[in-house]
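Both complexes below contain chain A, partnered by chain B and then by chain C.
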Partner chain A sequence: MNQYVVVANNKQKKDIRLGFLLLSPALAVLTLFICIPGIMAAGLSFFNYRLGQTPQFAGFMNYVYLFQNPDFIISIIRNLIFVCIVVLLQLILGLAVSLLLAKNFKFQKFWVACLLTPMAISPAVASVIWRYLLNYNIGPINYLLGLIGLPRAQWLSHPILAFASICFVYIWQSTPHIIIALYPARLTIPETLYEAAYIDGANSFQSFRHITLPLLKPVIIIMTIFRIMISFRNFGLVWTLTRGGPNNATELASIFLYNEGFRYWRFGSASAVAMVLVLITVFISIKYIKSMQQSTFGA
Partner chain B sequence: MKRFIFLMMALCLITPTITATGKPEVPIEKPEKLVVWCNTVHESVTNGTSRGGANLTAEFEKLYDVKIEWVPLAWDQMLEKIQLELTVSQGEPDVVFAVVDWATPAFLESFIDLSPYLKKNPIENMEDFSLGGINAFTLQGGLRFVPYRSNVQLMHYNKDLFDMYGLKEPKTMEELGEAAKKMTHTRADGAKVYGLAFIGSQTPLEIIRAFGGDVVDSDGKYVLNSSETRKAIAFMKDLYVAGAIPPNFESLTSANSRQLYVNGLIGMMFQGDNYYYQLNDSTKSGVAGKSWFASIPPSQDKSQQPGNVKLALWGAGIPKNAKKNTNDMAYEFIKFFTSRTNQLEMALNGNSPSRSIVYENEEYIKLAPYAEASLSSSPYAYPLIPAVNGIAEVMDAALEEISRAITGSKTIENALSDASKKILSILKREGIPQ
Partner chain C sequence: MKSNKIGILRIFEWTTLLLFVLGAFGPILMIIISSFKQDKDIFSYVPKLFFKPVFDNYEQLFLERPDFFNALLNSVIVTIGASLVIILLCIPAAYAYSRLYSKKFKLTSFYVILVRMFPPIIVMVPLYPIIRNLALNDTYFILIILYATFEISISTMLLKAFLDDIPKELDEQACIDGCNRFTAFIYIILPALAPGIIAAVVYVSVFAWNDFTFAFLVSGTATKTTPILIMEMQGLVEEGYLNWGTVFSASFIQLIPILIFIFLLQQKLVKGFTLGAVKG
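This part shows the complex of A and B:
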């Protein structure tokens, strides 16, 4: 009996070793490019460090500076508003389009390809294209508005319009990410369920509420977590479109971080911003993951 | 003993062999190549590609038996790339070009003090360089960059528009404002033509200067809260309300404004003097042959003529983290390209010379009709922003509040009061006494 236990333990140990061996390349990459820079950034957030100068220990001063800086607080609030708007609209649009695509209609594959195109374009290229399209002086959108007798709009230079524009472009570019996850998930739902519901007298909305939504819920929650995390650290698109302007109206936390680090060269406080962003993202993600576990496996 | 004799014989054989290969008696480390981080124009004006003039890169390579590897960096990423490179233990560039606006003490600290080189192997006639530029590139008495290219800001204007509205070259900022309002109109094709290009990150500071104000002085003392600044902001607000400047000025860049100008959508704009060529290049400009220039005028309250203008000055320096064996050659590079002869050659290739004497050269004047205007403005030209630590943040705060005052989202008084609070706290944090 003991012999069997020893053999089983040895096999288990071997499996664990093999597991670690297979994981080691990924772990090495993660350690090198995520963990070590992360730890260094966390350490740097407790120092005053400017290029060419010796870092000086500052304790929590960088964090105190941040939380006393109204621009930072506003950028965090603005970022939360941005995330709420874009994630909500992406989900609604993504879900609607996925359900629509699941129906049978002509040129279905063509429309799927068209709808996924924005995701295939590099974010930098997409931003430059949109910056041109939305240009006040020479942009085609303003030109078209002029043709129908409407005044030109300051898409990227009016505080409210600029914020709306970055939300719009971001939603345009990232909604396909939702579609790509929800569309196949919707196709996996057996049609028999809908047929049974139809026979029982359920209407379309009831079918959606009691069949589609519960079965898509795990995917929706995962996509929500992904989109929150990705949207929260969105930088390139906003930087290319507005650089955080006009008058900081589109300055998200990532833009604030960039300015601290690479325009004002205060690496200590930039690292502190990064740490705050990580904490916020982790906090939101944990909440969502817990709710996903509860909904999938029960309390 | 046998071993000793063998060793001596071997030495006798080896020594003449080494001497015969031509190695110098005093070994001088000669690098194979010199890596130069620059902006595209710095390279093009040296190698004759700009206007088909002298190829100074080839000359230098031949003279010093070294290869120059020019690495042109995009303007909008240049500072960031350089700053990051300066943080590594051994950087790639042996020579770096920098604009005077970047020359904060923290930045200059990362570059070699050229004084010992200048003492040992002087650069001729240093008095040709603008004193303001030399001072801006000096840290603790040591020069870190030698001026290489200098751009004085001029007012470029569309002659056709001036003729159409019967306008004369403005001699004061107030006249300029009136001219801008008069020539603002909507073309027959529906396109709006603005009197004055207005770059949100630049023009407000230039106009404030023309009125005799500033944000901080060269020592970092806060001076924005002055009557001159109030007048300047009121002047700009007036232009904004009259629609004489593009309403999207906050997001308008220098390149955007040139694009509008060459399409005939702008009457006047402040740009570097040598943009004259580009604006009159028939292959790129719709207003070629119609674009002329004048000095940027001061406010009518100021007797000085012309007004204080922006000086964009580029210098070449040697990073402290450059390869040590390239330092001497890097200095030779700087000395070679900033000499009187080569500054003239480069000017004929399209460079804006950093030596004032070149502006008096007849050959150059023939090529650059703006030379006289540039020379007359140069005593009043200085970097747009003083090189003090924290200046980027100070300027952001100032411009944010100024643009709020211009657009009317704040009163001038409130905007200046908010700017004072922000800027003084930044300067205090940077330890700059007020």
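This part shows the complex of A and C:
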């Protein structure tokens, strides 16, 4: 009996050793290309560092510089407004589409594929599409406005309209991420619940309010956190659409960071921007990370 | 009376659905169609619904923009490269989490998820000077490794989920039949894991194929990928050096694999939603 325990223990130890061995390549790459750079960014944020020069210790100067820089503060506020608008609207839109899809249509698979396509498109291609559609002179959208008697709009070169446009295009591209989570979740709700509610005299709003919404709540919460996190860091789409312009009107925090680091070569203060963004992201997503770990890897 | 009401409701549902589909897919369809239009038809202020389809734009792309096909080739290379790296790194890791799991791995699993939260552009700030110093910018290697790195987390979780679905009795049976852990993996698990591997490869491929940020920061003339070239072409179009049609045709060519993937795999995509939720 004792012998078996020893053998089992030995086998377990061997398993653990093999496990770590198999995990190590992936963990090493993650460490080398994400973790160490992350720590380095934290360090660099306390240095004055322009590309090609030796870093000089600067204490909190980069942070002081940032928080005294109205452009930075405004880019953070602008980013928060962007995140609120896009996450709220994509949730509403995604929920609406998911509930509608649950009604089952002929050629359902085809419609689902069409609805999901925008999320699988490169920011570069999305920008070609929308810079054409929103073009002042030849854009079909201005043409449609003309048909109903409205004047043409400077979609991408008027500050407020440009901000609205990047929100709109971002929502267009990312709503499928909501659909892909909420539509299957809606399908798992048994129809009998709705039938029972119908017999009890509930109208469709009441069954939505008291059946659909509570049962979808966990998925909605997770998706909200996740989408906040992802939309907070968006760079590619806004860069290809407006490059932060006109007149910085669409300069989100990531664009500010890009300019600071990759345009002016101030890698010290760019790292400080990065740290502020990481802190905000971690603050938002810590709950999500924990639940993710529990659901995929067990407690 | 009642069936009439249902009929009206159904018409309303169909109309809403078609409006949503039009909103989501219409813009894409529009540039696909326009890529077969002559320039005068694209430019006509009144959009033309009926026109004679031509391949002028594709011809022009072939003749005048050989760099587009170079970029396409670069994209293919980094996509395949990143997929291979993901397979090599994530199958062993997923195997460890699924078959050898012990409490001692808990910290590593937290780590795998946590590093995924780091925004790419932030990691690039400290990496960029190093990449430059090592003369790694504008190489396939760095693009491949960056794409793979940012997909390790999702791919490992995905492959683990697929491995968990393969009954452990299968391995044990194989062990009784004289296989060791390694041969059991090769002969029993690997074939059963094929759908999972395909799923992981699809995810990383779509990411590498579409990515703008990384390629924008580290690729140069030698490794320029399709999205970067398309962005440059778009700039030329707006400065008047290139036709809209040419950039539309380039975009459509870039889109073809994506469209195939979406229309073939949407069923699986919807099923794998929990994993889809961790995607950017």
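In this section, the second predicted complex is superposed on the first by the 248 of 299 C-alpha atoms of A that agree within 3 Å, B and C clash if a C-alpha of one lies under 4 Å from a C-alpha of the other, contacts with A are read in each partner's own complex, and residues count from 1 in each chain.
Here, a contact is a pair of C-beta atoms (placed from the backbone, for glycine too) under 8 Å apart; a residue touches a chain by one contact, two chains touch by 3 or more.
Just so it is clear, the model here is predicted, and its values are computed rather than measured.
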Please work out whether A:53 is in contact with chain B alone, chain C alone, both, or neither, and reply first, second, both or neither. first
For A:105, using the defined touch cut-off, is the partner it touches chain B, chain C, both, or neither? Pick first, second, both or neither. second
Scan A:154 for contacts with chain B and chain C and give back first, second, both or neither. first
First (chain B), second (chain C), both or neither touched by A:15: second
Touched partner set for A:138, first chain B, second chain C, both or neither: both
May I ask you to decide whether A:194 touches chain B, chain C, both, or neither, giving the answer as first, second, both or neither? neither
Where does A:129 make contact in the superposed view: on chain B (first), on chain C (second), on both, or on neither? second
Looking at A:63, would you say it contacts chain B, chain C, both, or neither? Reply first, second, both or neither. neither
Chain A residues touched - chain C or chain B, whichever exceeds: C
Could you tell me if A:264 is touching chain B, chain C, both of them or neither one (first, second, both, neither)? first
Which chain A residues come up in both lists, the one for chain B and the one for chain C? 51, 138, 262
Within the complex, chain A is touched by chain C residues 13-14, 16-17, 20-21, 23-25, 27-28, 30-31, 34, 42-43, 45-47, 88-90, 92-93, 95-97, 100-102, 104-106, 108-115, 117-129, 132, 145-146, 148-150, 152-153, 156-157, 160-161, 181, 206, 209-213, 216-217, 226-228, 230-231, 234, 238, 244, 247-248, 251, 254-255, 258-259, 261-263, 266-267, 269-271, 273-274, 276-280
Over in the complex, which chain A residues touch chain B? Could you list them? 50-53, 136-138, 146, 154, 156-157, 242-243, 245-248, 259, 262-265
Please give the residue numbers of chain B that touch chain A in the complex, ascending. 80, 83, 86-87, 106-107, 109-110, 190, 192, 200, 246-251, 256, 259-260, 263, 265, 389-390, 392-393, 396, 400, 403-404, 409
Residue numbers on chain A that touch chain C, as the complex places them: 12, 15-16, 18-20, 22-23, 25-27, 29-30, 33-35, 37-38, 40-41, 44, 49, 51, 96-97, 100-101, 103, 105, 109-118, 120-125, 127-133, 138, 140, 143, 172, 175-177, 180-181, 183-185, 219, 222-223, 226, 229-230, 232-233, 235-236, 239-240, 254, 257-258, 261-262, 267, 270-271, 274, 277-278, 281-282, 285, 289, 292-293, 295-298
